[in-house]
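As structure tokens, here come the structures.
In the two assemblies presented below, chain A is common to both, partnered first by chain B and then by chain C.
Let's turn to the complex of A and B:
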């Protein structure tokens, strides 16, 4: 080979290889990274916490991760992109310990800077769920382009569609509700022509028309009973109004909303005059023992004029599975009148310790309120508090618990105020929530900059969902639904 | 030479026919360029705004994983140049001419002895059908690229023909039969798979045309041809089946072509005709080559031209294109252009009426000339929301110009989400970035601007605005953003379509310099035929602008006075207006349509009639 070819190859290699930074002391300044992963707590199974440097002048970064209990991991490139297997080896080795991230950045002039290390704590609270499921939807108003329900393996970057709108010929897909993250007991509402509710009751897949002549509307917000036979739904007739001012965009509210329970074995609806009143009852959730239904309740106000007086209390009512009846008394857990605020979306932890819910100034749609915060109630004492550790200035909502308890996820619009993204946190032994972290992506900056969708109604799933797509298509295409009846 | 003599052409004629042919090709290219650059330039903008092509790996990957995805990528890449009609017209000209050329070359492969003009006349069949089909604004460049790629694939297959035919149509095998057969099958199988991925179902052109090509091989046995046809069709079916296993689209989408049309689940006759002609025409070329030539080319050309004349008005629907023209001018804020256009073509649809009112308002003529044009009540001023892109954006533009930034954001967002093929929109994202900047939502604005930085035509604008965001004080001083901020209502309340007049009043009270809001405010009750409200709103305006006395106000005041049997105030209503009202009153009471005709486009007539 001729010398100039060697020179050429060497030049190419030199251009491609930035190498490691020279030996230098770290500064006292921590690196400005996206997502902000400094001091977060992660489960050991989480996908590599790749990150970008927020500095337009940064050309190359070098990261060395050192485990408190041992192990090292290095990466370098345009952004921190960790090898998946090595990452998991390191996190598994360091459960209950810290990972220290030593970051060096080379700028366009070829000058290296070494930053003070930041730390990520690997929690000893396990997160054994397979992953998460969410609906990807533009945070719009009345028209939605392509929507879809997707599942994401929590330990990798793999995202798999559960059901995309294109698969069912342009139908609008609503939220996915499962029984404690199970992949064989879930429901998905399909709206529009030939709409219905796809229901997997653990035995077979059916397509239901959840509107009975006696009920106010279709089943909307749902929550499964732990025994897998019943689902508590609210039936809502939702109207949307739009703001003129600078702060808000949209205010959905219920013209009518009641609570029902659907028996998935008989397709019968159980109602009660106690939770089907002229007042607004919505967003039910069974208690972990299945004996209670938490829900939100508001007195009707004249809408849309009285929109800022629409305040929901957090309530509960007994439900007896054997007799399939609601209790006769509603207990108020958080009184809207006392608080001067509105509660929504109660979600009990599956171990029965906590009840997480949303608080907004008014209304029933926290994802549209920048003031929406997550609150938590200690069910043993009944005491509630704002989870200030995780809340932001933007909407923080659509929360739910991991099936093993401890971890929770929620949707937050903190990145830009418009697009909701998925965050995780856990309740530590001191009862405090850890600093939330954004769902990891291969190249986070690129992903979140380009994404024009929200992660809507997220939840944990224990196993991968595998829908029988031809059957679903056939169901939706035919529009043939099974009618529900009301238990007399 | 024998062929040329048989066809009636000498060597000299052949040489000159080459130049004539080149001349015809050039003339067609010039015509296509002119067609898209002048009368149909708005259609280019229409297509461009229904997509957001980004120069990122993610964008390519999002399309590459489906059959026809690369054609969509190329199609959308080229469509972005429609942002500038001069370049866009050149793109259309280049693609259409390329399509014609490929059709011509494929024909020549099928019939090497076919005379040039017969070949051209035949090639014009798919060309004209494509031209007419493109009159449907729902047809995307993806379709054209897919057809061109499939036809080009066919041509490449015929080039690699190992049983070459010479100019006289004689076969001259260049390798032995087994090798030839193996290579043919290899090409067919690889070509089918590759083309199905590149172009989607348009690759059926390749399958059928190459099969037809094999059938024209006189030396091949019938069994060989039958096996080839079976394998070719089977290979295509296998590709369709294999993709259907991994795609989250119904099989129907795959068969009609994902991305060929804006509306994904529709089957258009035009796309079948274009594809069918790409297959049939080469076969016809082989047939026509054996027929006497004298009358074929002129007859074909004459029939084609007549067909184009007949189908043109159906393909390029005048009503649809007028709406597209209005949308184009609204997008460009070409208010004078809109008024000139409305002077020539009576606006009669909600979008054209509202665009005309907006243009009149923006040029300060609405309070004088509103009734020079057809009116559709208050909804013609600010149309209600419908889930449709163009009308949403036009209404969004009205809100934007009024200073109702939140509503503008909503309508632009809705319009983008209503794009039937799930695309995003450069036009909408740009406006959304602007509304976010005006509202002070800089993080959101940066997100949109970062996306626009990945485009060719919006990049510079995005970078300028990103720089601006680094200096928030400059935003307040910005000629657009600063003035819009002044117009915005501070009070927090829900928008109600039934109470738009109240909102217009608030806009005017917030900024009495908001000339558009002022004109809309006084016109709104007049369009509702509510003279009491009109008087009330004029009072509001008079408090800040006592001298404001536009023609519509004079006419309305004269009308109210006459109606109430009161004297018309001469200090406010000029003599000409009063006289005009008296003449109208006479015409109205006479009930003589011919006398009323001159007043059909007046406020007086509008107030009394229920049209």
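Let's turn to the complex of A and C:
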């Protein structure tokens, strides 16, 4: 190669290189970063916590991460973009310790500023799940949007479609419910022409029509029994009304809602007059031992006029697997009348310690309420409290627990009040939740700015889901569903 | 040196291109703008990376990137013409190697006509042409490699798979070209076994690669095979162009031009009527113009759902936004976004930013503004609408719209426009756009009792009677039909020529001389 080519390449490299900042003392000010990762607690397996500097004048950033138990990691560029392998080496080395982030920023005038370091704590509570699954959907409106259900490896930035609307054209894909995050036991509702419920019961994939003549509607909100044979569903007929002002936008409510249990081996539905009343019973969840179903219950009010008087209590009812029967008594755990609020979406931790749920001023759809907060009940004492450590001024909802316990995820609209994004936190030994962190992305500023979808109904998954797309497509295309029957 | 024949052919081609570009720029500019408005292209690596999620990434990326320049009709016309020209040149090179003389020219001309006919359909996007061109170019390249210096190396599988990866259905075109070259060689009888393999391999891979990758791309086979979509030839649709031009003039806030285009429309329809009336309302002249348009469509009797046509969703978005109902304007904008390619529509993202600025949801507005800031054509618009950087006219417009918005916190029963109008007037009875739409809807329905009730509630009882000729004429019908004392007439009607005309009309009901009056409309239409 001729010398001038070397000179040219060197000149290009020199022009692109910003180098390291000069030696200088840090200021007392912490860097303004997006997402706000300062002082959050992370599991060691989490993907690199890349971040951007919120400063239009910033041209280049240099970050040095130092582990309390040893190890270092450096990155520089337009944003902090850590090498995945080196990141995991560092977090693994520092389980139970802090990572200190020393950030220097070069502005457009070439001037470097070094900020006071911020800290991320690597938790010693493991998060062994493969990743998360969620539905991407345009937020809060009556649109049959081009949705898809996706899975994301928690330790990397890899997102893989489980099922996209493009694969089953013209259908609306609803939430994915799995048995404790298993990839071989789950259900997905498909709405529209030829709609039904795709059900993988661990043995085979079936397409069910979950509406029996005796039940009020299709199966909607579901939760698997720990033995993997039964699924508790609410059957809902949902109506959506708009608000006059734009603050709330939309209020979904149930015309009818009852609780059923589906036996996935026989495709029979188990009902009980105790949970199929003119009142509204919804969002069931089995207790970790499978002996109870938590659910929400409201007295009927005249709708839609009485929308702000529709308040759900948090209740439970016994369920006996052997006899396939519901108990005869409903226990009220959180009384809407006492609280003056409405409870929704009960989710027990799989270790049986906690029950997390939503509290809103009224109604049953917390993702549409900016006042929606996460609450937690200590199941050993029955005491509940607002998890103020994680809640925001916007909707915080759609929570669930990691299969190993300790960690939980939830959907929050705190970034812009409109789009629900995925946050993680864990309950520490003191019973307090850690500061939540936003799902890491390769370039978080660009990703979250450009996304026009909410992360709807998120949940942890223990392994990658491998859905047989052609089989699903042919099932949906044919519209041939298996009917369910009601156990007499 | 070019031969005289080549010079003549080149001259004809150049002239054809100039004529075609001139046609797009002058007779079809709104179609081009529609393409630009119906998508968004962000100048960020993250956005570019999303193109790899589906096949035809190069065709779609190049097409979408250039489509953003359709914002300028001349640039759009030149880009589209060049894309068609490039496809045609690739086709001509290929076909000349297969067919002799005149038949290759005829086929090339037919191919060019087919491509031009495809461009007449508003659904045909620029990525289609890039995929055609890419497929042809790779087919030619394969021919050159296979029969050129590298003839010992059969790279057909690489070419066909690459064609699918980069140009989607372009792989089918590559395979077609490769097969055609092979057939020609069979006919000329210097065919080796290896070329049989090339042709067979091309056909199998062009059909098989989409099947193999359909799961990865989450597409059904039929869609994966023809991704990003095959255009359909069509005749020029001037009626649609007319409609789009009217909507574009409205979006440019040129209300005089909107009304003029609507009045001049050769095929007046509900959309031209809708924009005629909305422009009139924004110029405080809806009652003055209600009877002047052939088609009476205010949009107040229209609702939208997932099966609504896209122009209707656009219309309702404009109506709700101008009336001040930000909830429904947002709903329509979201819906329109969802029904756009890649769920994004730049006009609706601008609208969502405006809606959230009006409703005071600054964080949401900033999200949309940041998206727009990363585009070529809307970056300046975004800066102009960023809180703290707004010029006085933008700030005044946002403030004005805030006064029109709903400030009641309640749930509504449905998207019945009458309810929406009543709610807006309950929030602000000085919302004249909502008032005129309410009263004019009553009058178009000839529901005089409701008209009188609404007029009383929002004009008389609020102490701000609206003395428009149309309303005076309608009130006269109502008063004449009831046995009210003269004092009631004095309360509603201003003495003058309208009263005299009414008296004359009463004796000549249905006389076409009065066809500009509400009385005639009430009696005859």
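In this section, the second predicted complex is superposed on the first by the 476 of 488 C-alpha atoms of A that agree within 3 Å, B and C clash if a C-alpha of one lies under 4 Å from a C-alpha of the other, contacts with A are read in each partner's own complex, and residues count from 1 in each chain.
The definition used in the following text is that a residue touches a chain if its C-beta (ideal position, glycine included) is under 8 Å from a C-beta of that chain, and two chains touch if they have at least 3 such contacts.
These figures come from a predicted structure and were not determined experimentally.
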| item | value |
| --- | --- |
| First, second, both or neither for A:242, with chain B first and chain C second | both |
| Touched partner set for A:34, first chain B, second chain C, both or neither | neither |
| Contacts of A:112 with chain B and chain C, given as first, second, both or neither | neither |
| Which superposed partner A:446 touches (first chain B, second chain C, both, neither) | both |
| Which of chain B and chain C A:164 touches, first, second, both or neither | both |
| Chain B and chain C contact sites that coincide on chain A, given as residue numbers | 138, 140-146, 148, 161, 163-164, 166-167, 169, 241-249, 251, 304, 307, 415-419, 446-447, 449-450, 452, 469, 473 |
| Touching residues on chain B, where the partner in the complex is chain A | 54, 56, 58, 248-250, 252-253, 264-265, 385, 387, 392, 404-407, 409-410, 413-414, 416-419, 422-424, 439-441, 443-444, 446-447, 450-451, 454, 488-496, 503 |
| Partner chain C, residues of chain A touching it in the complex | 138-146, 148, 161, 163-164, 166-167, 169, 241-249, 251, 304-305, 307, 415-419, 442-443, 446-447, 449-450, 452-453, 469-470, 473 |
| Contact set on chain A toward chain B in their complex | 138, 140-146, 148, 161, 163-164, 166-170, 241-251, 304, 307, 415-419, 446-447, 449-450, 452, 469, 473, 477 |
| Chain C - residues contacting chain A, complex | 42, 44-47, 214-215, 218-220, 223, 305-306, 326-328, 330-331, 334-335, 337-338, 343-344, 355-356, 359, 361, 363-364, 366-367, 370-371, 374, 405-415, 423, 427 |
